[in-house]
Structure formats: C-alpha cells, structure tokens
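First the structure, in the form of structure tokens, and then the observations on it.
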C-alpha cells in the first residue's frame, strides 16, 4: 500500500514522539498532548494556565501551558530516546537470495520513506558471482547492523552508535563528516551527502535519528532498519515492498521472522535452508543473514528487464573478480 | 413559432444534460471492492468489519472517510450503525447488543453492509451469515507435555452440538505477526488436542500468549480465544549491560589508563621545559638587579 | 651574548635586507596560494561534490597531502632530535633547517584534514565529544601534543641566537626586529646557570621529540592499519610509515640545503661533505624503506588471499607507472647516485632528493586510493567518477597551495632568524678549545 508521505510524516513524527515518551494512544488527541505531563517533573508547580493550540488532526484544543515543551527539548528527547532503542529486543533480517530478482522495489520504498535523493541507495543491489563455476545471484545489501560494528569503533565524535536492540544509527547533528566510518565499513553500506540534497521537508518536522530525515550535507547516511516503524510494530519499508517476499525481519529473541506474508521460526529457517552471513570471517557479526540462491525459478537476466542504462550498465562487468 | 422554438430548446437542453450526465458517468467511476467480516474476540465482544477498497494497477487502494452502514437482515432489515472508513479503508462496528438480534431459520445471524456510493464511486454491498460458535481452550500439562485442549460447539435449543471436522488454527503473537504453532482438526466430539512446542521464546519471565481461532470460517466467521501462560522460554537480551568495548560509549579500562599515563608523561616533560624557560628569565632579571 | 664576528657577518645579511628575487618568488607562491584559497571557497560553497571524492574513494588528495606533510614534520623532528643528541659535528649548519621543517609542516598538515571534513562548523566536537576508542581521536591528541612539543623545542633552539642578535650592535635591522629579539631571548646571556638550564631542557625535549614523533606517526598509520580494508589491514604499517616519513624528510632537507646554500650564498658553511653525509643518510633510509615496501608487497602477492590479489593486480595494471616510480625508481636512483663516488656531486644528490620526495608523495597516493577503489563488495556503478578517483582542479590547487604556504613560511622565518644557527656553529669553537 502506498504511503502518503506529505501528510504522514509531519503528523507521525509528533505522534511517534508522544508514543516514545510513553503515551499509548494511537491517535493524537488532547489526551495525547496532555499526556506529556505524566512524565513532566514539574507536576508540583502547575500554573494552571491554558493555551489554545491546533492539534495535528486539525482540531482546536486547549492544553496546559506547563505541558508545552520547546522544540529544542523535543529534538534532544528524540535523540536520547533514539540512543536507548526498544527494550528487550534484538532485531535481525534474513534475505532469501533464491527469490530475489532485482525488482528494486525495496530500494524505491526505502528512498521514498526516508526522502532520499535518487542517487542515494541505503539498500543496494549487487549482481555477484563468487567464481566462474558458481551461480550468479542478485544480492540485496542493507546495513548489516553488526554486533561488532567497525564503523562505531572508529567514529571520533560518537555520531554513530550501537543500541541495545541491535540497531546502529547515525546522528546527523553530531556527524562531522570525516568519513572514517565509511572506510571502516567493509560492506560499503554507508553513503555520504556530497552536496545539499535539497529535500522538501513536511511541516512541523522534528529531527529524529530513527528516520534520519532529512539527509544533511556533509554527513553520512545509512539504512536504519526503519527504527521508526519498529516502534509502532510495523515492518521496515523494504520488507513490505518486496513483491517476492525476499526479505524477512523479526526480533531474534523471539526466534521469529516474517516477510509480511509468511511467519517462520528463525532458527528453523537457518537450519533448514542453511543460512549464512556475508564474509563471516571478518568477524563483525552482522545481524543480516542470507539464504543460499538455490533452485531459482527464473534466469538471472530477467532481473535486467525493463531498466534503463543507468541500472543495466552497472552489471555489465559483473562476474568473478 | 414561439412554442416550437421553446420546445426545441427545452428538448435540446434536456438531451444535452442527459448526455452530459452519461458522459460524466463514463469518465471515472470507481467500482469498489467491499468485504464484510465478523469477529468474536476473546473477551466475548463481537465486531463487524467492512473493508472498502478499489483496484488500481493491480494494487488495492483503500477508500478513506466513506460512510458504511451495517444491517441485521434476519426478521427484517434493521440498521445496526454507521461508521466511517479509516486510513486503510476499514470501518468497524462493535455489536454490543448482539444477543437481542433476531435469528434466522438456521439459528444464526444475518448481517449486511452497504455503501451508498457517490459521484465517483459506485455503491456496493455485501452479506454474511454467521452461526454463533463457542470455542473453549484449556492449557494443560499432560505427562509433562504441554497440550492445548480445544473444544467447539454450537448451541441449539439450549443443547450443545459439537462442531466436528473443522480446523482451529493456533498462534503465538510475535512483534510483527502471528507465528503459527499448529492446526487442530476437531473430532466428532468437537474436541482436539494439540501439542505445544517447548522451545518458543516468551518474554523475560517466559510468558507468552496463545491464540486459537477459527479463521474466516464460512459459517462461524472469525472466532478467537487468547490466553497468556508461562509456557515460553525466558528470553534474555544478548547485549550485557555496562559492557566496555571498542564500539560502546565507555572505552575499555586499559585504553583509558594507557592514554592517561602516556599523556601525563609527555606533558610533564613539557612542563619541565617551560619551567626552565621561566627560570632563565628569572636568572636574567636577578642579574640585571645585581648589575644595577 | 657574544659571537664570532665572521659568523655574524656571514649569516646576518639576510636579516637586514631583502633582494628583489625574494619578493618575486614570494609573490609567485602567494599567487598559487590565493588560487588554492579560491578553490577552497568554491568547495565550501558548493559542497564536496566539486572534489573527485565519491562514496567509495572517500579520502583523496587531501588525506594524501595530510599524511605527506605530517610525515615531513615527524621526520624533521626525528632528524633534529637524533642529530642533537648525538653531537655530530656536521649537523651544525643544517639542524635549524630540520627543526623548521618540523614545525612548518606540522602547522600545514592539519589544514588538509579540515578540507576533507564534511562539516567544518562542527569540528570542535572532536574536543567536546571525543571517543577515545577512535584512531582519529588518538591522532587529534597526538597532533596537539606534538605541536606544543615542537614549538617548545624550536623556541629553545632559538633562544641563544636571539640573544646573540640582540647583543650584535652592528646589526642593521628594523627596530621592531630588535625589540623582538630582546623579548624572545628572555634575557639570556650565557651565564652558567642559564646555560645549564637551557642545555638540560633541550636534551629532554630532544629525547621527547624523538619518542613523540615515532608514536604520533604510528598513530596516523594505524588510522589505516586498524581498518579491515584490503591493502590497509597490514601489521607493518606503523614502522613502514615512520621509515617512509624519515625518507621524505631527509629528501626535503637536502633540497632546502641546496636552495638556501645557493640563494643565501652559504657555500662556506654547507659543503659537499654535508650533502654527502645527508645523502648517505638518505640512501640508508631508502634501503630500509625499500625493505619494508618489498616485505609488505611480497607477503601480499605470495599469499592467495583474493582481495590482496585483486589489489596487487590493480597496482600492476592501472597504477603501474606510479608504482614503479614510487617503489623502484624512488629507492634505486638515490641509492645509485650516492653509492658511486663519481656521482656524488651536490647537484646529483639534490636531484636524487627531489625524486625521493616526489616518489614518496606518490607512495602515499598508492597506499590510500587503490585500496578504496577495491572494496570487498565490487563497485557496480555507471558513473565514471564513482568508479575511479579523478582529482579535480580544486584538489590540485589546494595541494599546490600547501606547498606554497610551506615555502612562504620558510622564506618569512629566514628573514627573522638566521637559517644556520649561529650558536650551534659557535659550539665548534668550544669543542676545539677543549681539545
């Protein structure tokens, strides 16, 4: 289902913010805005003054003045909450190389969801062939959110960090653009904003590392496992967009992954289908597992159909190195 | 002459309007897909759900903000309620007084849903016949094997009639979806036993929720039972707290110590050199004083 | 403080007056510098897209220049420290040049890092939010420490000369210079207590400088060495970079010796003997450098690790001429020139030094860029500037700007302090007296 970006992002970032600080309500309402007060330390000195505001739903509401937080504090709260992550979770992804046919719907959904310029690909598709005798296969590569992330180790200012729930995020407001993380990542998972991306932001947008919108010139961006979706128990955008159900995602502590249609036990999937990780010997312990490309239903070249030279030309020299 | 002219004008304009309306109808009138579902939840609440969508380029687009009416058809058409469809095209109505509804000859309910349509969307309707089924689930430990005991029956004239040959699905809800744990076929007594796997992770204490349901049954609709039990493996997060590594916030102790020792050593020597410079200056001042 | 009249007469004219040649040269360098600044303004305005760096080759000319200049600095420190501690006689005319190389390149090097940083407005985060697990933080600490240390060391070596100049009444310089000498000499007048203080301080700082130089440049080498990239993940990088740095610094020292000898008419002080001595040093270091290079590439080539093989193939196909120049000609030519007495003329040795210096710049380029062009996941792209690194005019102009500012600073310093340390030269007389 296509998401309506313009309306959605502006409303949901505030919605999501309120969710994050503990408000359970799904719809933003007066109760939702006033719910801030439950976590405010200023309960003793309430002025009792109220202010009339327009809620994101378009309703005129009256809110206690004490419950209104300045925007700067909201950003600081969002960044703080983004560093903590979701409690008691460990996210992982399984990509079934047997089914991928380079539909590139994952790439498009990701770019749309994060307002990326067209030449930024957080999810990238490679055409690989390990040896001339082995099979060619399409290889979708998101950020692996490694358990021993080289990129986090080398960041001099702590702009990129590993959360307890396994996700590695980038704080666009801390990044100084030294690009050490890009040389540190062996999987080329990070992209750099070499110029002003000129993104049209929705109104009322507040910076949140979990969506990492907007991309900022001179900083680094990468796949974030759609951490904003995960907060509302929604799957990452690439997972739902894939027409072949190639990408499975789940909480590995629950030992379950789903691609939106099938839900399977992660351990069973790994054992039955001989799952592996890309270049395990590098020891970064990625959170993304792959299923071998066996019993293909269609030839590899089908993956080039319908694309222009910009895409097709990439794979002209694909083959064993 | 005058009447003839006016008649011509009148009939022409009438024809024009008629053809215009035909023309506008042929432009872009959407033919929606309307689906009615019935839900009976674990807390015995009953729900009617209508989904209103239309097809575009092989994708289902939801229709939002449309007014949907729900009716009970048995014993005469009775309006149950009206709600608007939400962002995903779903309109929900909770049936609070379902037991007061008239029953059909087969002893069940008959529901219908209607969408009146508008300028751009055609009207649509759907019907559903539901027989009330009672589903019972017991979570037992038989010979130290965790078993789910299921029983389903319908009630007719205050007598329990077991439901046999039907399939009940059992799930454990996970973060994004439901994990299927098994399917149970009800025998001639309307009961079934299903072994529950012993290795499903639960929360930190090992609690998990078990759902058993009839899914989109042609007569029963969707009937569900949920229960939480400590039948899961306790899950622990693999990342230990207060961990010190290259990628954590706090550095390993040996790193901090080594760095501090090195820097103190080096800057200590710098201090010595600067002190020497100061002493040189003081010496020269002393000598100047002595000279003068 | 008193000094030998002859020394003063020979070594101070440059402080007193400046020839037109100096001004012309300075203006040329200034022009190049301004072109570089214009390029920098373009880069700040339009973003880093105006450089040749792209998502795979994220470090280009700027990092190469950074390593190069820092290498010159640390080698200057090593050479001046070692020469000072070992009291070798022939070091006297050249030791100040070595110390100046240390400080001037140390000041220029970090600027190349700044050019590479995407968000210069957030540079201070390196000090407010440092992560000590990051090799860049180690490098920031190291460079700051080294900067202070080298300045202290340089100043210590200037004090005696400033005292001499302050007391040289026939010195015909502008009043502000005289005042400068007076202030900076701290009232030093060669008394035993002061001399002892100064000598102790210099010895300690010289020892420190050697240790710091080695550690600091190794830290810079480890920025590359600790990553997983093929070609960089080499255990030899620490010592390798140090040796390469000393090689380049020695080459630069010979070049500067030649320039100042010619332009400031110092033929009497900087003789062929000096050139030969430093040239021998160059050859010895070249041998070590060649040994380390050979060792690194032999082990990569012999083993069958795929990524290493891909890198070696790239070096011997796309980068063949650069590789041969840096690692064969750069080592063998100086060696041959110095080895045969027939070839050991001042001019030849200087030519060898120039080749060595250029070869080492190319060596840094070969270390940084080919590795980034061969990542584990192949670059599958259609845009040529994303596949192969091609530096733009901005990167070239900033490189030349760096060289220009180096030359300009050197020229300016040579007008304030004598390029050959008078006090050092005088010490010769004391040794002879003791004999």
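To keep things simple, chains are lettered A, B and C as they appear, and every chain counts its residues starting from 1.
Following the convention adopted for this analysis, contacts are C-beta pairs under 8 Å (C-beta built on N, C-alpha and C of every residue); 3 or more make two chains touch, one makes a residue touch a chain.
Keep in mind that this is a model prediction, so the values were computed, not measured.
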| item | value |
| --- | --- |
| Chain nearest the overall C-alpha centroid of the shown protein atoms | A |
| Relative to subunit A, chain with the most remote C-alpha centre | C |
| Between B-C and A-C, the pair joined by more C-beta contacts | A-C |
| Subunit A and subunit B, separation of their C-alpha mean positions in angstrom | 20 |
| Length of the line joining the C-alpha centres of subunit A and subunit C, rounded to whole Å | 45 |
| Inter-centroid spacing, subunit C versus subunit B (mean Cα positions, whole Å) | 65 |
| For subunit B, residues contacting two or more additional chains | 246-247 |
| Junction residues of subunit C, two or more chains touched | 131, 133 |
| Overlap residues in subunit A, where contacts from two or more other chains coincide | 153, 158 |
| Complex contact set, residues of subunit C against subunit B | 131-133, 138, 141, 145, 148-149, 152, 155-156, 159, 186-189, 191, 193-194, 197-198, 200-201, 204-205, 208, 212, 215 |
| Partner subunit C, residues of subunit A touching it in the complex | 126-128, 141, 150, 153-158, 174-180, 182-184, 186-188, 190-196, 216-220, 279, 282, 284, 309-310, 313-315, 318, 321 |
| Residue ranges of subunit B in contact with subunit A within the complex | 59-62, 88, 174-180, 200-201, 203-204, 235-239, 245-249 |
| Touching residues on subunit B, where the partner in the complex is subunit C | 246-247, 251-252, 255-256, 259, 262-263, 266-267, 269-270, 272-274, 276-277, 279-281, 283-285, 287-288 |
| Interface residues, subunit C side, partner subunit A - complex | 46-49, 53-56, 58-59, 116-119, 122-123, 125-126, 129-131, 133-137, 140, 223, 226-229, 232, 306, 310, 372, 375-382 |
